[in-house]
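See below for the structure under consideration.
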């Protein structure tokens, strides 16, 4: 188990934690908007960390480039979809949760 | 007995001579009357010529047969032997006369192309039934006969005709199903269905006997429907709703005779008369025939409608044939088989006359026939001759068959048949003589129900010549068949040849 | 490696679940979902059993069959959905007309 | 090392159970929209299962077509259904499962019988699968033996495009039939056009070139790594769906014979090539070994175009009832 | 040149020609009708070529892609598949000429491409020797058939098509699961290879059960025939003729092929079950047909009954006398001709009177003689009365039943014939009589009447060609004492 493997393992664990946080937010938060917030934020960061770990283990720059491309695409799509879902929810008249 | 090789195409020509005109007529538009008549008559004459040719051929021992591969192990075979030629001769002669009669009868009525098309198909299937060389061919043409007669029964297109058609079908189709079941069962036992002079079952071991009796019952039930044996005769009176030429040729000659002919074939050429007697099935058959004879005559007494009376008379008369076949002995066979021709001639005369009365004067009921003899003398003369024949008065043909039946019964010790014959003759008299008396000795009513408003004025003439000529001819034929019974060309001589071949085969 | 059998049993389970839903539910959209689930189940069994003997190179023929199957499934689903919409458009509800018996 | 084996076992078990549970929830959820969303999740989980069974080609196809496109079709159909039947199908009115029409008592009995029957058949099938001989080569040996003369090195593409290319030909025809079937039902009432969301427009404008690039890459890499015509075709089709969702409609003139050409180009290429090889090589679709690779690539690219066009048109017809003008008046 | 003509790959052409025709129709919608007719006639010629080739040098085998059986897919044609191909070609030709005049221009544009692809699917199915390829061909047939059923767009047609689609998908999936089990048991999907490798173990038995159930559902065997009447009755006339005559024969053919090659040896019990279901189908279908008041539903239920006859072959002929292939092919051919003629005739009657209520046929026999003649002749064959091919088929089944002492099946067949006579003559009776309320009538084009009549005449003439068809399927079996063909003994 070389140094990069240890580093990658740490990154994976960190990523896992962020994913866990995102899922916890999804289950715990009261309305759709806050859930969206939790998901897009936490999961994207989690994915970034995992991709970083994979890049460390990737055998060629081409594969690393493709991994980064995946991350960028998920970021971009995540943001747009979150926006669309929120807009649809507002149109359908779901009230924003206020204490 | 094989003789030199006769040519095989003759049986086919007999069938084709009726089939081809029929198919062409189907295509003819309604107004082509002359062409249709020419086609019909040429077909009829051609058939008579071919039949005559084969009659002469078979008399001199030629063998006519044609086989077509039909099923694995079974062929469609058309074979002209003495028994089949008798039936074809009868049907071809009567077909000619009935065609002439139908042309006159249907003057100006609609759908004649369809009528004559099915008419020819019916004669085709009758000749096919007559000439079938094995039981499978017989079954094929027997069922075809049902199919082509149905449109004729429902020809008028009225609701009554449709209901009569339904009844006709219920009987004949279920009869056909029973026949099919019997034939298939027989085939699974014997492996062959060929008609052969002394039958095909005599060499089977006794284990099969109960099955063979059951098969015999099925076959007779299937054939009995068309032969109008007692429980299965219900369709015949109902089918009288059809036009007169249909009830004349079909329900007095073609369809009913096909059933009786089938019974003869099964008893003589499948079971063989000796094996059937040994099996003990001829007794019940004779009893059933006798019951039908008496029952038919009794029911005829009560019928006021003329055609229904004649229908019930047919039911009883056809059973003479079955009786003759069921009594084991050459003389009874002669009596039975020759009655096939005689009854045909007499009954068709009666139906022609009934048709004339209905068509010309609108008479349908017996009570409307007062004094009709004066108005239509020739028709009634023919009717009287036919009636006398039915009763069995000597000069007319009916007497000959009853005479031989009686002799046959005595010869084979079935004495109980004599009272049946006498009883039925008396009953015949009981339901025919009042009709004659009313026609000749009562004075006519002031006006007939309806006079035929034919476009060509009838004036003093009795009715159209086409309606008058056929009954007279058939009446004379019935008379000559009786008078000249011993002449070489008479049906009786030919039937003696059949009996001689059936009983003293090599 | 017997965990291939695990997937095979999961496949059979999906097949039976789909069959149950197809028979029980009246709404046509649910029936279409059920047919898709059954299809996935059969494909799962097909590929899972190819892996049961655990050798390194997996047998490509079942994979090709499954890809063909998936494409056939999507075309059948598309046709079914169009048919359902036309039926709903005409009859106002997406349930099979007549007595519902399967 | 047994820890890893145990972990794998645990993961597979969880995945298998997850699949079954998701399928059960999807099929029996009270609300149709929830059912479809669960079905899409089920599709993604299936893709994961294919990866575990290291059938990566199938995983790609499942994710793109099974989960993605089928999900899009289902969602579009549900939206159309709601606007059409106006009663809120996904609302409270739809109780969990419609009991079959016979009386409730009867339904309980027949449902019990059904469950009994199904569980018996499950046990039967389970035993049958379990009793299969543990070792069977299948066709992998034959495929490996002939792989080098098939013109591609990815065995799945070799089987799909060369060994069993006849199946693929029939499959292209099935796709064409789906389109023809949907067109013959094209009397669907058209859907009112929704105003396009600006964000979706920018997303689709940005993503389209990336998708086309990815599709081309998948097509090219299919020769020796997981990928190929179907995966590339479905990605391209997904691009079309995205564009359609963001309100883009092809110009009317484009919808005439160019669309028909695109739809039939895949199957047409197969037939022409098949007849060509029949003439030259005396066997249908028997590519000469030298040009096999090139022929397969040609077939695959045309098939990709055809599959993409078919999937996009299917989505368009289901989502907005587009009318296929045939130059003759519409008989309605 | 003749030899060159002989070893052209006719089998491949019978599949590729309609495919090319279908695609041509999609590309040039205006040309769809001529393209369709040319393709169908081309298929008839190609199948004639294939028949000639099989007569000359035995069964036809073509390795697609040149890879050979276990790896690649083989096209295979023996006597059985040849007769089924001839059936498809002839009935297809008749229906195409009928459809030429039946469909309005915009319906024709939708009908022809799907019909040609369906024809190609049927040919591919009858020629294939690979069970997965059979699955794809089955799906192709199913989708095309459903698309055609829903062509009219009426509610009952859509409902029937939807139910049909779900039933056919369910059947295909059950069949596919059977294919999966067989593949993993014997390691190949080619029928010939499978035949050598499989032996009766649990997996093969389950595969047998699944495939039989799936294909029985697609062939609408009695308990699983709920979907057939609404679909076949509500489809346009030429389509219902296609469905009843050809499409359900495809899945029947596959089941028969599997039983003949793979399962026949050891599956005694299941063949008895299929026979019983067949007998039940005969009785239930005929009784339902008797109750119908509309012609197309009556003819559809008659299909359910006739399918029962086809399934009687399993207990009677499959195990014992080895004539199963020829009897099945003959019965299927006879039913296809008769049933397509009946549905086309029913279509004519509907177009003529604007309705298909039996009670108001109103003297159809005078005003539409050819159509009623077609219906009558086809009815004769359905009833199994001589001189039709239906009679020959029924005779063969009865002969097999009696020789094995299966009295029950013989009686069921006879009763089935009687019931069939009941509902056929119910229609004919009304066709002859005058309905109470006279109906105005619309003219029916001559081609449509002649198409129905020629198919019905075919059903009758086939009755006289039984020995030739048997010689085609069992070349070695001496058909009967006289060589096949007419024998003129002097």
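In this document, chain identifiers A, B, C, D and E correspond to the written order of the chains, with residue numbering beginning at 1 in each.
Here is the rule we go by: contacts are C-beta pairs under 8 Å (C-beta built on N, C-alpha and C of every residue); 3 or more make two chains touch, one makes a residue touch a chain.
Only a predicted model underlies this, so the values are computations on that prediction, with no experimental measurement involved.
Touching chain D and chain E together: C. By number of C-beta pairs in contact, C-E leads when A-D and C-E are compared. Greatest centre-to-centre distance from chain A is found for B, with centres as Cα means.
Every chain gets a centre from its CA atoms, and the centre nearest the mean of all protein CA atoms is that of E. The most distant chain from chain C, with centres taken as the mean of CA atoms, is B. Chain geometry summary: the mean Cα position of chain C and that of chain E are 28 Å apart.
A separation of 12 Å divides the Cα centre of chain C from that of chain D. Averaging Cα coordinates per chain places chain B and chain E 42 Å apart. The distance from the centre of chain A to the centre of chain E, with each centre set as the mean of the Cα atoms, comes to 58 Å. Under the contact definition stated at the top, not a single residue of chain B touches 2 or more other chains.
Counting partner chains per residue, chain D has residues 125, 129, 132, 136-139, 143, 163-164, 167, 171, 174, 177-178, 181, 185, 187 touching two or more of them. Along chain E, residues 132, 136, 139, 143, 146-147, 150, 153, 177, 183-184 each make contact with two or more other chains. Under the touch rule stated earlier, the contacting chain pairs are A-D, B-E, C-D, C-E, D-E. By the touch criterion stated above, chain B contacts chain E in their complex at residues 5-9, 65-75, 110-111, 114, 139-141, 143-144, 146-147, 150-151, 154-155, 157-159, 161-162, 165-166, 169, 173-174, 176-177, 180-181, 184-185, 187-188.
Note for the complex: chain C touches chain E at residues 15, 19, 22, 28, 31, 35, 38-39, 42, 45-46, 49-50, 52, 61-62, 65, 68-69, 72, 75-76, 79-80, 83-84, 86-87, 90-91, 96-98, 101-102.
Of all the residues in chain C, the ones that touch chain D in their complex are 3-10, 12-21, 23-27, 29-30, 32-34, 36-37, 40, 43-45, 47-53, 55, 57-68, 70-79, 81-86, 88-89, 92-95, 99-102.
For chain A in complex with chain D, the residues that touch the partner chain are 73, 76-77, 80, 83-84, 87. Taken in their complex, chain D has these residues touching chain A: 197, 199-200, 202-203, 206-207, 210.
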